[in-house]
Each structure stands twice: as structure tokens, then as C-alpha cells.
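In order of appearance the chains are A, B, C and D, and numbering begins at 1 in each one.
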């Protein structure tokens, strides 16, 4: 199996994700340049964080129109795993692979801090190593992470159980004081209807090494790799 | 031909920037502002001289890139003559 | 009374946003754009009904807060009637 | 003035408007043997500006020790280079962007960060960390809230976007910066030892390439502006504000590093202050060669720019490259891949002259060496200010009645309040190397693929420097090295940013000389060489000078990261040990300054041998893995240090100190507090004894409160409440 990390001009976390997949988990991993017309037969495609093209219009807007994103869309439509982190989440929303939009943080400032995330789904390829209700410690680092959707759209997301992570207090309670960017319904991560495209604002790749304080994020990558291996077994 | 595109958050979308600016104006003593929305604007110089063609292209630019129609609405202005 | 303030980077000042957006439009095939400047706009609702008074206040708001006149220039619009 | 217009005729008075003295004007005439052209005058005024030539500070800077066993490249290049081991080197430098930040805080701070990053990747190193050292005025001073907000947004806006973590810094507030804030940015990069690049042109006939953003009329004469005091009229001759484009920088960074790998590059230099002028002259000068430039080839953002404007533009995100003849295409390929244009604008020559062509005519023809290597040097007369004796007279020290109230008030001043509000706006963990980010004494970065780490700390106490510049200079170095020792790091080298007033006034030159003297003594005693730095003079407004502010940023090496102590108490029931002596030293102390507005007396003495013993001991103890928590004593003394140790995890402490309450706020140097498991207490005390460092157990960690039992008084405060006050004080003071 093979992992791909989308490399857009201005993405900053590409090498961080690459490091986890390649060196921590020992997976074959390649970079997918923004002009790529394909995802080069990757099984898992990660759209990393950063400031693609400077994020000068709306976060993710310019990147969402780059050639490689078309390839990512085809990969997703075919059921392939896609993970969008931070700017990657914004890009997936702008590209229409995920619903909603990420508006300016409530504070109108860049927010960098370790946050508590409550796990809402533990049955996805990405989250099978978590327990529903488990509280993770993973850093956020963004200016535009304030998730927005129309009430109807939000209800639909909830009904379909497509909210995967919420900002919470250390004991897992939903409390506005812990909803750092003011996201609607404290949404920190959502998944598409197919369950194969996950977008999240927090940075699991920054919580994948004990030396850096938390390994809560590593389990997400492990889970994805593990479930891919299984499905490849089945395919054989 | 010159053109101006203006993009604003939809009325139903909260506009924290606008709110903050309104608050700041009030602190500065500008109490006569009852509402303020913060948006973006783009001044473009187009090579085409055909109004209709320009209009069509600008609309497409807005739909495809300049505005996120889920949360934003846009306006296109093609003033008869250049800017004051 | 409604009013619109539009703020743009001064012509001589670098406009990274405009540069990047123009580039993106070109990649999307909009090659008829020869120049693009990115700015901000504010739609205000004023309690005053007096045009002159509104004009004066808006100018002051721009100088004091809405525009950074060091790098930006601003325009004030007070359309006769509401927005199209 | 536009290219179309006729250029004014050159004479002494025109030279003066460009900040050149009559002597300097005459000297140029002598060098050229004729009246210089307008462009030549502009070029020279920039090269001979304080900012570019260090003409008033060089004679003093020579005192600083620049040699050391780790040093690979000392001062003189774009940044210093030290050996980190395992084939890696660290490249770092600090630079000021004070004046631009006062004029336009967001762009001033942003372009300050952009500039220092270019200094580092110009050397072939990938930037992995930033620090920002900020000095603001009183929060209620005119424009100050706006300046603070703008600077912090600017540092974050640029650093976050470019993808380099801001892992630390410092923030101070003082009346003396009301009209002249300080924004000092530090950047550190790493590279393989053999991949280091220099800005030394070679090989006559080699093409000179221009890469990066187009040239506009940005910041023309920024270099000379940075060399003048602020006065109302500098509003008038205000140049076009430089706007930073972090995205362009990011692309430029990747493209440059990739191109350097191609082997087709001879030399590369960023266009910083005085843009094309300094970059071209420095490259030619370092190589002892000449250069010919055709300005008609330079990509312009604005029409009709004159040679003068093109040569002096300070547009950001631009680089000048000397390539091996015939291999331009290899370089161009790399830049095209990143969507950047490469333009050939000239060539290296063996004439030793800079020939600048524009609009088909020769705009300048100047011998390079006399302008760069032998720029004017001044040993300006120095003398202490007249009232120094009064300033240093022992202050009246009001005794502390209620230690708890005093501590609480100190921790709510912007000076000592938490800086979270600032550093939460910075991405400090991108690149996943940040083992210890902002909040502790020194930031710690791991080096992927090795067991090693780097520690960074930036420090200076302007009040100490005002009261006794020599002691203040030494203290800045000592504190930064002490901060490194708190995480067990051995010093590799340091960089500095010397912010002072107008050197044409004797007391300022005296402050500069004395600070450098103190720094030199401390560097020698603590074995840390100076490998790069920057001088910012004329930091004054309407004749009022800032305090002498020699910001120091030290870089240290860690050979293991598994014994790293925390800056805060990690667990209850650990033993707290106080290292160092308790003297009663209140001159320049936070207690007197922040609570009584008294800034008088001699600052705490700096006993360099005691400092050396302390840091040696700390490094040893940390390497042995017996230290759980370590925090040095700085502003606010032992009371503030203990409180800070409680804040991290909200773990309290019970401490007994045989001191009167006032002494809890004495700022005696060479001290630290540490916590260790009970089983390690003996080792710690024994090693301290062997090292000749006074050490005593003073209490233990645990409980919800910080209790300090002193002689006839003390304090007992709830850690949660105190932390809340401390961590929200700054935004509250800012009215947010």
C-alpha cells in the first residue's frame, strides 16, 4: 500500500505528515505535487495544513482549484481514503468534498494551543483505534477554523452521524469556553457520507511522538494504515 | 475595461469582523452606525471591451473563485467610465 | 441611510493578495484579466439622514479606523437609494 | 522622484538630505576623483549609513569574542554558523526592524521576520525556528495598543504563513519605548555542514541573476531612515511602506534551497536593507571583484523607476545570485518549477568596480572596495551621563508588608504577566521539532534523525542596562546562558541586537561601549562566542532615547532529550531546592520599578564565576536525569520564580525561606530553583557542594496553594486564582 501527501505551494505541514507516515509508521509515502493530474495510485491521500498559495483569498480557496485536487476528488469518489488536516480541511470544503465552510476564528486571531477533542465516531477507518467519548489532546494552529453550516445542513450532519470530533473540556463536556474558534456545535472534524473523506482542524501529526507531548494523533494514522492493509488483504 | 467585484457574507452568516469593527467604531464615539458588514472587493482590469462578455466572465469568476456562494454573495459593477 | 466604504491598497504599494488571486484566475483560464487589486469593503447603516453629516462622519471613520491611509486609500459611496 | 525627471545636481547639501556628512561627501568625491552622480551619491549614502556600515559601533564590536570550538562562521556573513555535530550546523542571526514597526506595525514586524529568514536561508540553511524580542511603551501611551496588536499580528502573520515556528521570545514594556518600540527578530536554520553557502562572488564572467518579487519604490532609503532619530519630519520623507509577502518568501525559500543543491550556484545574497545596492556591492566586495549591472533587465512593479530608485528599493522577497557561467538554465529550471522567474541582470567582472547601467547610460561607476571595506569608521567620544551618580545612588526600598499582595500585583503587570496572549497567536509547533515551546526558560527543538536538540533563549534587562550598562550587558549574556542551562544545554554561540539611542551623544556611545564591554566579559567567562549580530542606533524620539537594550539570543546544544526537565512543577511531593546566594539587591528590580516607579541604584551584581559554576552544575544535574523541574530566578526574584513553577500544571508548593518578605523580591543573579524526586535530593545537594554552588532544600511541591513562609511574614495564595490573574492580565490591560 502507498500513502500520498499533497504538496501545494505554501503548505507547511506536508513534511510533518510525511515524517509520521514514512518514518514513524514505515509506510511507502510520496509527495503529490499540485500540478499532478493523478494521485499516483496512492491508497491514502493526505491534504496537509499550511497556507496554500498564501491563503490570500479565502483559506483553501486557491488550492481547491489546483489540478491535484481534481485527482483527489476522483480518488475520493472511488472510495479512496482522504484526510484533510487544517488547511487541508478548508481545501476539502472549498472543493466541495466536504460540506460547510471554515470562517475566521471567533477571536479574529490565529489560535495555537493544545485542545481537547471528544471522539464522536469510533467506527471509521480513521477512528477505529479510538473509543467513542474518548478525549484526545491535539494541537490546533489556525486563523480560520470556525466551522459554519446552515442549521439544516448541521442537523443533517448530526443525523447522519458525520460529526467525528468536537472541541470539549478535558472531561469531555461540551462547554463554549473550550470551543476555541467558535465552531457551530463545537465541530472540529467531519466525514463525508461515504465515511472515507475526513476533514479536521486539529493537527494529529503534531501529536504523534511522545517527545512532543502527545501521541493521541498517531492512532489516527495507524488506524487508517491498518484498515487499508485489511481491505487490501480482502481484495487478494 | 475596469470592473469591480464586491463580496459580502450572506445575511444569515454571522460576520464577526463586521461586529468587531462596529464595536471599535462605537468605542471611538461613532454611535450613529446601526449596522456594519465587512466584505471584500476586487478591482479588475479586463482586456475585453465587450460589456456583456465582461459581465459573463466576471460572473463565472465569482462563481468559480472569488466568492464562496455558500457563505457569501457577490455584486458586479461595470461603471460606464473609469473610477473617480 | 446606507453607505459603502471601499478600501484598496495604494497603487504604489505591493498587493500580494491581488497578485495571488490574479495568478489563480489565470490558472483557471481567465486570461482576460490584465490587473487585479484586492481590497476591503464595508456596508454601513447610519442613523443619520443628513448626507453631508454622513459623509463627514464616514470620512472620519476611514481616517481613524477603516483605512490605514499609510498603505490604503478609501472611497465613500452614498447611493441615492438602497442597493440593487 | 521618477525616472523621467532630471536628477538633482550633487553637492554637500544634497548629500546631507541623504544623511551623509560633509566629510563623507568629500570623501566620496575624493574616491571618485569627480563629482558623483545622483545615483552614486544615493548608493554611497546607503552603504555608508549606520545600518549598513556599522561606522559608529564597529570599533567597539571588535571587543566581542567571536572564536570558539563550535564556531564555523563568525560575524561578517549573512548569519553565524556553529557546529552541532553529526554533520549538522546551526545558522542564526537576530535583526531589528524598529523604525518600520513604529510607522506601520503589522508590515514592519512582518517584513522584519521575512528579512531575518532570508539571512538564514541565504546561507543554505532551512529555517526551523524564530524568536521575537519585543519592547513596547506603556500600554496607555498614544497608539501603543495599536502598535502591540499590529506587531504581534505581523510576526504571526508572516511566521505562521511561511511555516517556521515562533518558539519563544520576550516582551517588555517601559515608558522609554513610548515613541520608539523595538522589534528584534531572530531566526535559526540547520544545514549539513558541507552545504553552507556564502555571499562571496567569484569567477569574472559569471552571470548575476535576479530572483523573486518585482522591484517597486518600496522603502527607498529605509537603511538611512534606520540610521536617523525619529522626528516629526521623518513623517514627510516617509518611503513607500514595504509590504511582506510570506507566500512569495516560502516559494523563494524552497526554490533557493533546491537551486543551491544543483551546484550551479557560486554565491547568493538576499536583498535586504539598501536592496540591490548592498547585495551587489557586498557580493563583489567579499570576492574582491567588480560587478556590472544592467538595470533595464530588473523586473519592475512600477513604471518609470530611475536607476537611483531601482538600486535603493527595499522591495521584499528578492535574491541576487551569482551562477557558474553556462549553468544558468539549471538554476532557472528549479525556479520555474516553483513558478518563479530568473532574470540575468549582469555579470561579475575583474575591474573591482561596480558599473551600473540604466536607460542605456552609465548611472554609476564606483570602485567597490573603497566603498565597502573602507567605509568611514568613527570612534565617537563617550562619557557617562552627568547624573549617573544620582542614578546609581542606593534607592529607598519600602519594606514589603503583604508579600501575597505584592506578588499578585507584580504578576498582573504587563511586564511579568503571562505572554500567552502573544504566543498563542504564533504557530510554535509546525515542523514537529518543538520539544519545549514558549512558556519556559529556553525553547528546545529536536533535530530529526539525531538524538540531539537545540535550545534557544533571548534576554536583556533594559533597566539594569540603564543603571549600569556594563553590568547590564553582562547580565543579558549570563541570563541567556542560564536559561540554556535550565534545560541542560551547553552554549554554542550567541547573536545580539544592540538597540541604542543617538551615538553622536557621548552618553549613548558610552552606554554602547560599556554594554559591549560587559557582554564581552560575560561571553568569555561563560565560553559563548558571538557569531552574528546587528546594531540599531538612533532609537530616540524628539531627543528622548530608549534605555540601552542589547538584546541577546543564545543557542545551546543538547546531546540527549530524554532527561529534559520541565520549567514547572510536574508532580507533588517533590523536593524543592534553591541554588545560589540571597543578597539584598533591589536596584532596577521589578519590585521597585513596577510598584513604586523607582528606577535607581546599582543593578544586581553579576558574579561571572558564580554564573559559570551554576550553569556547569545545572548541565551536569540535567544530564544525570535527576532534575524534574528547573527555572532560573530573574525579574521579581524567588517569589515570582516559584509562582511561575506552579502555573504549568497548577501544582502548588510549600516553601520555607529564612528571609524577610522584602528579600523574596530581591533580584540577585546566578540563582535557580529546581525540584527533584526525594530520592535524588542527596545527589543534587552533594553535586552542588562539589561544584561550589550554595544549595539548600527549601520545601516540597504539592497542594492547591503556593505557600512561602518567610521571617515575620510570607504568603499563601491559591494557585488556580493566581494563575488566572496572571494569564489574563495582559489581554485585560490591552482592553480585550
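Here is the rule we go by: contacts are C-beta pairs under 8 Å (C-beta built on N, C-alpha and C of every residue); 3 or more make two chains touch, one makes a residue touch a chain.
Treat the numbers as computed from the prediction; the structure is a model and nothing was measured.
**Student:** Could you tell me which pair, A-D or C-D, is linked by more C-beta pairs in contact?
**Tutor:** Between C-D and A-D, the larger count of C-beta pairs in contact belongs to A-D.
**Student:** Centroid from C-alpha atoms only, then distance subunit A to subunit D, rounded to Å. What do you get?
**Tutor:** Computed from C-alpha means, the inter-chain centre distance equals 36 Å.
**Student:** Hey, how far is the Cα centre of subunit B from the one of subunit C, in Å?
**Tutor:** Each chain's C-alpha centroid was found; their separation is 8 Å.
**Student:** Centroid from C-alpha atoms only, then distance subunit B to subunit D, rounded to Å. What do you get?
**Tutor:** 41
**Student:** Pull out every residue in subunit B that's touching 2 or more other chains.
**Tutor:** Residues 64-66 of subunit B touch two or more partner chains.
**Student:** Tell me, which residues of subunit D touch at least two other chains?
**Tutor:** Within subunit D, the residues that touch at least two other chains are 245, 247-248, 339.
**Student:** By the touch rule stated above, which residues of subunit A touch at least two different other chains?
**Tutor:** 53-54, 56-57, 61-62, 65
**Student:** All pairs of touching chains, please: list them by chain label.
**Tutor:** The complete list of chain pairs in contact reads A-B, A-C, A-D, B-C, C-D.
**Student:** Inside the complex, what are the residues of subunit C that reach subunit A?
**Tutor:** Touch residues, subunit C against subunit A: 16-17, 20-21, 23-24, 27-28, 38.
**Student:** Spell out the residues on subunit C that touch subunit D in their complex, using ranges where they run on.
**Tutor:** Going through subunit C, the ones touching subunit D are 9, 12-16, 19-20, 23, 68, 70-71.
**Student:** State the interface residues of subunit C toward subunit B in the complex, per the touch definition above.
**Tutor:** 4, 6, 8, 18, 21, 24-25, 28, 30, 32-48, 54, 57, 60-61, 64-66, 75, 83-84
**Student:** What residues of subunit D sit close enough to touch subunit A in their complex?
**Tutor:** 153, 156-157, 160-163, 245-248, 250-251, 338-339, 423-432, 434-435, 446, 448, 561
**Student:** If you look only at subunit A, which of its residues touch subunit D in the complex?
**Tutor:** 9-10, 12-13, 15-16, 19, 49-51, 53-56, 109-113, 139, 141, 143, 203, 205-206, 208-209, 211-212
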